[in-house]
Amino acid sequence: MSDRQISRFPLAPVESLPDDLREYVENVAERTGFMPNVFLTLVHRPDELRAFIGMHDALMMKDTPALSKADREMIVVATSAENDCVYCVVAHGAVLRIRRKDPLIADQVATNYRKADLTSRERAMLDFAVKVATDSASVSNADFERLSGEGFTEEDIWDIGSIAALFAYSNRMANFASMMPNEQFYSMGR
Amino acid sequence: MSDRQISRFPLAPVESLPDDLREYVENVAERTGFMPNVFLTLVHRPDELRAFIGMHDALMMKDTPALSKADREMIVVATSAENDCVYCVVAHGAVLRIRRKDPLIADQVATNYRKADLTSRERAMLDFAVKVATDSASVSNADFERLSGEGFTEEDIWDIGSIAALFAYSNRMANFASMMPNEQFYSMGR
Amino acid sequence: MSDRQISRFPLAPVESLPDDLREYVENVAERTGFMPNVFLTLVHRPDELRAFIGMHDALMMKDTPALSKADREMIVVATSAENDCVYCVVAHGAVLRIRRKDPLIADQVATNYRKADLTSRERAMLDFAVKVATDSASVSNADFERLSGEGFTEEDIWDIGSIAALFAYSNRMANFASMMPNEQFYSMGR
Amino acid sequence: MSDRQISRFPLAPVESLPDDLREYVENVAERTGFMPNVFLTLVHRPDELRAFIGMHDALMMKDTPALSKADREMIVVATSAENDCVYCVVAHGAVLRIRRKDPLIADQVATNYRKADLTSRERAMLDFAVKVATDSASVSNADFERLSGEGFTEEDIWDIGSIAALFAYSNRMANFASMMPNEQFYSMGR
Amino acid sequence: MSDRQISRFPLAPVESLPDDLREYVENVAERTGFMPNVFLTLVHRPDELRAFIGMHDALMMKDTPALSKADREMIVVATSAENDCVYCVVAHGAVLRIRRKDPLIADQVATNYRKADLTSRERAMLDFAVKVATDSASVSNADFERLSGEGFTEEDIWDIGSIAALFAYSNRMANFASMMPNEQFYSMGR
Amino acid sequence: MSDRQISRFPLAPVESLPDDLREYVENVAERTGFMPNVFLTLVHRPDELRAFIGMHDALMMKDTPALSKADREMIVVATSAENDCVYCVVAHGAVLRIRRKDPLIADQVATNYRKADLTSRERAMLDFAVKVATDSASVSNADFERLSGEGFTEEDIWDIGSIAALFAYSNRMANFASMMPNEQFYSMGR
């Protein structure tokens, strides 16, 4: 895969990163088995890379009783599909399959989460996330009440909305920069 | 203004912040004359506050020959208006009036930037930013060529798209959390 | 401000108007302190100017127990914002600030009336007006029942819908003719 | 046809109108062979009826070399169809068939004017009118240049846009008030 | 009417059809009094013509206690109007007028079925059909329950949805091929 | 997988089919290795199953110099993704991977064909197909000229539009009936 198949902007070498960031992305690459392209596309902007990693890990790398890591990945896939983002749907689809141990869920959620085999709690979570992604100006008390009724805490609701908001950022970055996912993501977890 | 008029989520005291963040927001408050509500709404999540500040300053606090700080604020106002975000339109409208030394521009750009009194370069910049904000999946080579033709460098184009992407995040946060701007913003720079 | 900054169509002199219209617009100019540009843009079409004034005053210059003049201006700002009309949002935003004695309301309603600090009655009024403005074909009995439940009479409901309809006309006129508001409107009532 | 099949608002008797308006609508009824329901629905608001008639006749009752009365009716049918307005499509469809001496044109224009058998001039006229009706905020110089290139004068362009704007008003009135056309209109001119 | 006024694709002679299809379309032409253009446009593709006739007759040529042939035509007119299909609105509008013995219904349903004079059962039927036509991905249990509540059987619901789906096909064929209806259809049943 | 996980309508046994249809679907099942659920969902309506198979095979089972079987599957995946149809995206995505011998293409085209690695010819083909799927009323001469310029014959253009139209039918059927794809499709050809 040539550079321009990863991003329409020039790629900088990982070695040019400040030590903390270089170590961070090399650790991820070691655990994953390859360096996710999203890191490569941001190397030329270390401050933006650091902020992205900070926001991502604060929202995605935790489990609460009502909002697992798999749930968080499902939010990413559902909202990224609304934004037609190839990078995020394919890469986070892979993580979702693995975290949920379900080879079918990512394609269902990416195509139409309303037809996926979900619980009432999961459906409420995705309805809220997709509303934040596509029509946040209309979010109202009724939306919050439905989530509370499904057992989500106020902090969980913040997380659901914030994950949808974070990937509103990521989807737009990946789309305008034509970032493409690593080939490995397509078949992981199937 | 009571807490719940600032955000529908509970506010934590600024004193609870790690020192670096506390000093940062207190410095902004001193320069501005008041503490912008956006900081207050994020105090309960210091990692997210740090990431937001990092991304914001990397993209908004620089000038390039073709993309001034005022231009960057204009991108925020135009894209935030598309997302009906009261906080961002009012607060960044104030900053735009001040940076551009123009008391009329913010209301024009917030209502319909196509009718504002703009140069061809500015119009191209906002057309691209609004496309990233509302239909990033359709961004194409022709969009990049128009910006290059107006004198924007590849790094400027990255900035224009990234600012639109960052405020896709901020607008959704402010909308679902019902963040409201400080009263002072409404009249600054008029 | 040159003529072409007021309208993309040629302006005729106020002196060319029939006496009744000339006196009317000069009276408004005297009370307001300046001649609103909307009148200037219509001088070349006296019959249309007369009809516009007739319709405007019949709907906007009255108070009923449930629908004040300030309420009527709020309808104009909310629906004109949906249509991205710079003239109507800025000029009627000024009148709204003055009639309601509230310097913040116009910017809130113009950006997202759902987040403005409104009563249940005001929210119902604007939901109906915006539905008439953007999707009148779907207005149904349930919409009328909600307004009745908030204390609006049948004649009030006619007024709410008619104001939204009248500014559907005005917004389109101002948009295709690129009418721009007088500079004074931007800061009135702040 | 009972009153409530004409409008969801109460009808006032024609006799209650001021003399000038009563004579006007009775003259129309005599020429047409029946009293068009639109007048009946406005009798309870004589000032609004007078303004509507004034605006309507100023824009619809004239011929210019490039914009005939039939052309004007075609604009009404095309834009009213975009707004799903039964009264205006049926009543002005009848007038269009008669003025153009063409029994097929109204149904074609009402369903999809892009597939109707039109000249390049007529197609440009309707493209502009429909843009004013549905997306006036985006009207640009290129739209004006296309009309000039087809032989329309600046005054004609004002008329095309104004007719679309006037029926933006009428369509919303008819839709929210559930005005229904007289049965005679359905078959006139076929 | 020349060939190119019937379809933008070349027409093959009816004589070139296999015997069963030729007899079928000639029988229809004899009963109707003329050969409907839709058959002419498909002669060059006999397998597609046979499939279309098979699907059409399976869904349109039956009566059930809750879903008459006139109801089925009303579904065609309402959904074809959403797709702006001149052929289907005009041709099936004619059949609807005849089957329902109502000269006004087709124009009402084609312009805005929500304003047509319909029963609660008919309104539910068209709301479902239009949802299948325009937003099938969102069809949910609540939509089925409303239809059951109006007395439709499970087989009827299949038919309503399938008719909307079949004309999703037909509308797109007629639109991209610019198929135009026979002149006779415009005035039949008025 | 239980019946209700295949369709929300009751399934009839394959044995109940007329001999020609039973043999047809059993042959497909033998070649594929399993019986595709789409057939099962249509067994209770043999005439509709026969028409669907007839139309499908007429359009999908042929190769022309400019329009291969893989191209035809790519049209199905791109247009079905616009309609959020889980069955068609997953099942035809599998066929596309196999026919094109490309394990990555289906996920790219299903998420955003504009970002997929396609030739100019393929991109023109999908732009046309998606326009027929989503806005067929606006198809114009310019759309045909672009396809001709890419080497498609008039018969190829008919096929591209017709495939988009056929799956407008299939997508709506699968969506309202909640048809779900066989598990095998998800991993075929990866």
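In order of appearance the chains are A, B, C, D, E and F, and numbering begins at 1 in each one.
In the analysis below, a residue touches a chain if its C-beta (ideal position, glycine included) is under 8 Å from a C-beta of that chain, and two chains touch if they have at least 3 such contacts.
None of these values were measured; they are calculated from a predicted model.
Touching subunit E and subunit F at once are the following chains: A, D. Between the interfaces A-F and D-F, more contacting C-beta pairs are found at A-F. Fitting subunit B to subunit F on CA positions gives a rotation angle of 120°, reported to the nearest 5.
Inter-chain spacing, taken between the CA centroids of subunit B and subunit E, is 51 Å.
One inter-chain figure worth recording: subunit A and subunit C are separated by 44 Å, centre to centre, where each centre is the mean of the chain's CA atoms. Residues of subunit E in contact with at least two other chains: 84-85, 112, 114-115, 137, 175. Taken together, the touching pairs give a contact graph of some other shape, not a line, ring, star or complete one. Listed by label, the pairs of touching chains are A-B, A-C, A-E, A-F, B-C, B-D, B-F, C-D, C-E, D-E, D-F, E-F.
On the side of subunit C, the complex with subunit A involves touching residues 112, 114-115.
Residue ranges of subunit C in contact with subunit B, taken from their complex: 5, 81, 84-86, 89-90, 93, 103-104, 107-108, 110-112, 114-117, 175, 178, 180, 183, 186-187, 190.
Subunit A makes touch with subunit B in their complex at residues 8-10, 45, 47-48, 50-52, 54-55, 57-59, 83-85, 132-133, 136-137, 139, 144, 154, 158, 161-162, 164-166, 168-173, 175-177. For subunit E in complex with subunit A, the touching residues are 137-138, 140.
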